[in-house]
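Two complexes, one shared chain (chain A), two partners (chain B, chain C).
Showing the complex of A and B:
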């Protein structure tokens, strides 16, 4: 397969170069520059409206939930897998968590719930997400069904299960304390949503970059059979990776609860594609074996800055998806041109 | 792939469909087992069926298309704008049909060129087209529902010939055409060859890039046809048409036995896959089960069906090897 040779070569390239060279040849630098240019352009066009602390804060907050999903998606795509179910798992986990918190509150109204109830709710949400991810992982790694099919199935099933749990209507009583603290709270001007997302991203980057788990992730994505032969537990690793994505989707569901104050059942049908787009803009190869968390973070913010910038300069909101899709194709195309040029050298 | 295991697979699908019908007849009785209901199922299956037949070609050729629902929406919107409809009034409603087909094929052409000549992964290209085409549909329609005013159009496609609805006839024609194209022409052979091993196909002298482009154009055209059918069934064109069609179509194609990795495809399987899903929805609806239960069941069925197919294929492969 021509794709796997491409990945192999680019992996070899990055391994042999010094850190400085690696940074310059890295995709991340270029996408990072694109992000800065976009930000600068909008700032020059409307310094009064775009270059404000408030705009910056909302930009970060609105991207926080997607960012958490994208960190997990980066891991899965590096293993050359895919997860279409993240948005549905987010909703499912959010519903489970919200209902647990309601169930523990007098009269089924969780608005006045205290810290204990919220902590249990957090655990329930993350556990529900992880359980769904575990199921995905078992079907993919043990039963060897293609990830696209498994997660396509759970994309529908998790959303359906969420609707079954609630009878189709959103859970609306979310603890006020949770909303005040996580949803709208901030410390020294930094929103807590953003801090949480940053912690997840840093942890993800650490996990991928410096641990054996991360190394195995790259190895399996480059060549699963070779990874198995050098003694990596491929099945176990894949199950753990999908469970990790599920747990992060659960956490994202909890953040979404805190921010929106409701379970937003119908609001996440395109989360999967947004997360995949962000990962790919960030330079992670869909064929596996190549990718970084930092790239994905930038990949989340390019569409986010575009969207926000368009709102600020008053472009019709309908144009946003078109612009985002052009950026997506351009990013991938440029990446391939550079990669080809590098390989022919 | 041996012809024996192919027959096995098709037989499995027919049995599954048969079982569904038995369950339907047992739980809903007369309401399920009537000619009226049969026609309802077929009419519901026809729109997504046409898209799925087109999708079979793209997946067999080693690609994927996530943008089909968005293309259906854009085609339906473009064909129902004031300008198109007034042209149709002056001339004939065939203008609307032509417009939908052109828009569909045009989107397919963009997809195909980017995939085949730009060498960008189909997943990315069509993901971008998904967002782009639906965005464009929203711009054109301004998020309003456009009513089809031409009565001739609605009557033609809403009518029936010898008791068979025109929509179902269109589906049957597309399916039959697709079967012939895939199984009885060089075009079909080339599709299988390219999907199986593009490099080998290129070395054997096939124009891989041009053929791949054509596959996406073909699917775009199918989306245009589906848009016309949807416009007739709902008498509207809106930017929300075709929501999640990509997932339904991919599911039907894969359930039918077409390999996601390319190189093997079956139109008969795809049609059976579409019928299984539509019948399932029908049985659920007749039993007053809500859409959320349906969504769960559908997800489970997708996964179980592929699991079973793999087991069957493995067993067939083993007995073949022995």
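Showing the complex of A and C:
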């Protein structure tokens, strides 16, 4: 009965959309194009200064630390959460790692430390970051305090804790071997910092796109109540996600140690906003449920290319934050429009 | 023998008696409408039957065995699923992902142990399920938030049905839908019944009751007051039972 009212759509279409069609509809493609166009424009304007291997390498190296933070931030924002503490956790973890390495070295000078000490330092740094992330996660998922407030608290507290540990000054002895190998090391022209960041990004993309952990991440951000009702452990997942972000912030702190040779305590106060901007420019929705690691990677490089490009073509660098902000607001506006169009059905 | 039965269920919230010895039963392969005025105890009874609440006293019998559900997960494991009024789907995920939400199929071997999902297999099975239950979708690749309300509800129904081996409870499944969409969901409900699953429909919509229900059980003031079949399911009888003009089980 009532077949006439039902036949306006025939049956389930089991054909998978072609890769090209899926790419075309994805906003990742469009942000990727924006990045390519920016790169092309600067290259054409100053091929001598912009289109060099050195510029390309520094662009990648300088983005590597932020990229690692951004991978974690992508996961958190997809759960419709936020983490304002990543920069401070980076500093805290770096301080812990640096002090552990100093403590294991004769005379408290870690400059000559060997591979064993560096490995322990790496573990200590990542663990310190993960511990802070775990605390964030427990407060958010178990105590049900809004992520904005919890991580704003951690933003201040982690930095304060780092300064307490060092008495306010930076730890300045970092193993030379670490700096040589990770900070400045290259293999076939590819800086090791970049390889490490790429590995983190690839692992993050794999985790988010193909595993149950990633699927649950989307489901919780899309509708946490629905996820709970089908038996997904929402609390446990959120705790794990914030711990993951913390661990990545720890790893970023270790990379920062290797690159700068000091704990750069005062140098990360806007990392959180840069990471959030990159994630949002990359098409991840602040309302949760939508986003990709690839998009976030592109979102990291749009501001980075703008900065480099403005320097190279001689535009005042103060234009960079203005340009980035415009891109950011436009990205969120587009997301809003898309959501409204969808929800009006 | 009924598939699922409840005997003399009571449920108190403090001094409030939401259920005062309510009974209920449903057979395999039938659609039973559970109706009653606001405050009659429909929602509370259903919550007790799907494990969301624990009754103060009384017994629940599934397949001839006495059972107690300490959580909805326990009830689900025994083949009882619920379609919620407020959908409870993830709007940003595609239909297949929603169908398998919380029950994803993993790949075989090492990759599966690492947590990797077998998306192709889930997609294939989802397409089969949707076809079985007559859920028509233009595409399996769009987030279900971009589908119409009726299609979204059909996916929610299909999900419950796909995993329910015994009973599906549907709380006002068509409340938010237009006429055509409602028609489609009712079609899906009939197909579910024809697959041998018991369907319990909680609704306020009397024409809908008459259109799909094989039987009606009426609650009033926390008790079952009437059980009506085919010929007795006139609007007059339904309303009479709900308001107290008709009472078959006075002494229950």
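In this section, the second predicted complex is superposed on the first by the 311 of 345 C-alpha atoms of A that agree within 3 Å, B and C clash if a C-alpha of one lies under 4 Å from a C-alpha of the other, contacts with A are read in each partner's own complex, and residues count from 1 in each chain.
FYI, contacts are C-beta pairs under 8 Å (C-beta built on N, C-alpha and C of every residue); 3 or more make two chains touch, one makes a residue touch a chain.
Everything quoted here is computed from the prediction, not taken from an experiment.
K.L.:
Tell me which partner A:139 touches in the superposition: chain B (first), chain C (second), both or neither.
P.N.:
Touch status of A:139: first partner only.
K.L.:
Looking at A:31, would you say it contacts chain B, chain C, both, or neither? Reply first, second, both or neither.
P.N.:
Touch partners of A:31: none, neither chain B nor chain C.
K.L.:
Looking at A:324, would you say it contacts chain B, chain C, both, or neither? Reply first, second, both or neither.
P.N.:
The first partner, chain B, only.
K.L.:
Once chain A of both complexes is superposed, is A:163 in touch with chain B (first), chain C (second), both, or neither?
P.N.:
So A:163 only meets chain B here.
K.L.:
Using the superposition on chain A described above, determine whether A:211 touches chain B (first), chain C (second), both, or neither.
P.N.:
It touches chain C, and chain B stays clear.
K.L.:
State whether A:256 touches chain B only (first), chain C only (second), both chains, or neither.
P.N.:
After superposing on A, A:256 lies clear of both chain B and chain C.
K.L.:
Once chain A of both complexes is superposed, is A:154 in touch with chain B (first), chain C (second), both, or neither?
P.N.:
First partner only, chain B.
K.L.:
Where on chain A do the contacts with chain B and the contacts with chain C coincide?
P.N.:
2
K.L.:
Provide the residue numbers of chain C that touch chain A in the complex, in ascending order.
P.N.:
Those residues of chain C that touch chain A are 72-73, 76, 84, 87-93, 97, 101-104, 106, 114-117, 119, 123-124, 127, 130-131, 134-141, 143, 145-149, 180, 183-184, 187.
K.L.:
Okay, in this complex, where on chain A does chain C touch?
P.N.:
2, 5-6, 9-14, 16-17, 22, 210-213, 215, 218-219, 221-223, 225-227, 229-232, 288-290, 342-343, 345
K.L.:
Please output the residues of chain A touching chain B within their complex, sorted ascending.
P.N.:
Residues 2, 84, 139, 143-146, 148-150, 152-164, 168, 269, 273, 276-277, 280, 286-287, 316, 318-322, 324-326, 328-329, 332-333, 336.
K.L.:
Looking at the complex, which residues from chain B come into contact with chain A?
P.N.:
66, 114, 118-121, 123-125, 127-132, 134-136, 138-139, 143, 199, 244, 247, 250-251, 254, 260, 290-303, 306-307, 310
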